[in-house]
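Shown below is the structure under consideration.
Here the chain labels run A, B and C in written order, and each chain numbers its own residues starting at 1.
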Amino acid sequence: MTEDRLAALEIRLARIEDELAITRLMASYGPLVDAGDASAVAALWAVDGQYDVEGWQMRSRADVDAMVRSEAHQHLINGGCSHFLGPAHIRIDGDEAIAVCESLLVRHRDGAFSVRRAGANQVRLRRSVADRTRWEIVHRTTRALTGSTEARDLLVGASEAARP
Amino acid sequence: MTEDRLAALEIRLARIEDELAITRLMASYGPLVDAGDASAVAALWAVDGQYDVEGWQMRSRADVDAMVRSEAHQHLINGGCSHFLGPAHIRIDGDEAIAVCESLLVRHRDGAFSVRRAGANQVRLRRSVADRTRWEIVHRTTRALTGSTEARDLLVGASEAARP
Amino acid sequence: MTEDRLAALEIRLARIEDELAITRLMASYGPLVDAGDASAVAALWAVDGQYDVEGWQMRSRADVDAMVRSEAHQHLINGGCSHFLGPAHIRIDGDEAIAVCESLLVRHRDGAFSVRRAGANQVRLRRSVADRTRWEIVHRTTRALTGSTEARDLLVGASEAARP
């Protein structure tokens, strides 16, 4: 009986730790990419993780690293910008998880700030094999919220109804 | 002694699971309403739950479903928009809870995005009778942050000082 | 064996409770400051806590209280505004913690809303001596995201690599 209760507590606690680990990962992306910390951003992805954002298809951790170091991204952050992600809606299923959030890209220019894009983000993660307490991004898809069904479909990925 | 420690752990863990369940619910509203998933949005509310947003008083889960399917909301999401909610400040008291957050409505139009409204949200929830791990919205009130005391009063609902 | 497992669970649970306590604190700042609840905002800081925001150096809880009551802040909230903070990236190390987030200042004016500033926030906290379940802000630094290295350096404060 004590054994059962201990085992149940351990399972529930591990589930919560998973959720908070993914919460931290998701909350770290915006600050790290706006800081220009290429290796810290890249480390959020699996070695073979993908990041599919309109007009830019990254197919590995190295590609994500290169994106942060790219002239385009450096120009953004040198001028001042915020990749502002909202709270992630997370659904975990064993060693896989989906996190969905919306995002705003805010830019600074000529002393003023403006919203340049609102986006839908669906992030698929898996538990790290090397460190079972860590999670890694396997596939992130981002689309601008311009009314397309493609963007809107991303937003339902973590809802109960979407459970396979 | 072991019994007491187990019981204490179970209570603390259940409290955390409640908080994360409400966090997930709050994080899911924006993505689901922008996806236009009427039944998933409506399922966040109790059958008799209310949603009071300026100029629109919904008095049931069915009313919330109808709002998402309405021409006004469909027009918004077909053009592209983000109901961007910030992290919720949550206070739980047994089977009741309050979650407070601010929100932005960002719209896409003619290729550009802009903030159309900033809002104060106070969401009152209760534990589901049918499923004690689920929470449902009993009453959500949203007001634009135009300086009114009504909007500002909503924002203190989850603070310690507001504890009844 | 049971003793070891109980002790391990208690430690892990306390770690999670710390993280959620800080999450709540961070999520409460925006709503409380936009409500103008000076004493509730001030209570987030340690008695000798500091808040260093461009052009304004507060050196105590009383200074934070005075900021909220100031003519400048009252003017902002009477006209309508949102200090919209994103989800905090939190790193805890014993009795100390760092929370990093980005923020937007949205203002209402002449019936319209606009983003007036995007900011980088680094918040250093410590566990309260009087109440070991509470956390207090020791030092918050906020800088506008205009491309300065100072602002960008704040954003990496909670990442693994920044661990001392």
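A few comments on the model shown:
The definition used in the following text is that a residue touches a chain if its C-beta (ideal position, glycine included) is under 8 Å from a C-beta of that chain, and two chains touch if they have at least 3 such contacts.
These figures come from a predicted structure and were not determined experimentally.
Chain contacts here are complete: no pair of chains fails to touch. Think of chain A turning onto chain C: fitted on CA atoms, that turn is 120 degrees, to the nearest 5.
Per-chain Cα centroids separate chain B from chain C by 22 Å. Chain C has residues 2, 6, 9, 13, 16, 86-88, 104, 114-115 in contact with two or more other chains. Residue ranges of chain C in contact with chain A, taken from their complex: 2, 5-6, 9, 12-13, 16, 19, 86-90, 100-102, 104, 114-118, 120, 144-148, 151-153, 155-156, 158-161.
The touching residues of chain A, when paired with chain C in their complex, are 2-3, 6, 9-10, 13, 16-17, 20, 23-24, 26-28, 30-32, 34-37, 39-40, 43, 77-82, 84-88, 104, 106, 108, 113-115.
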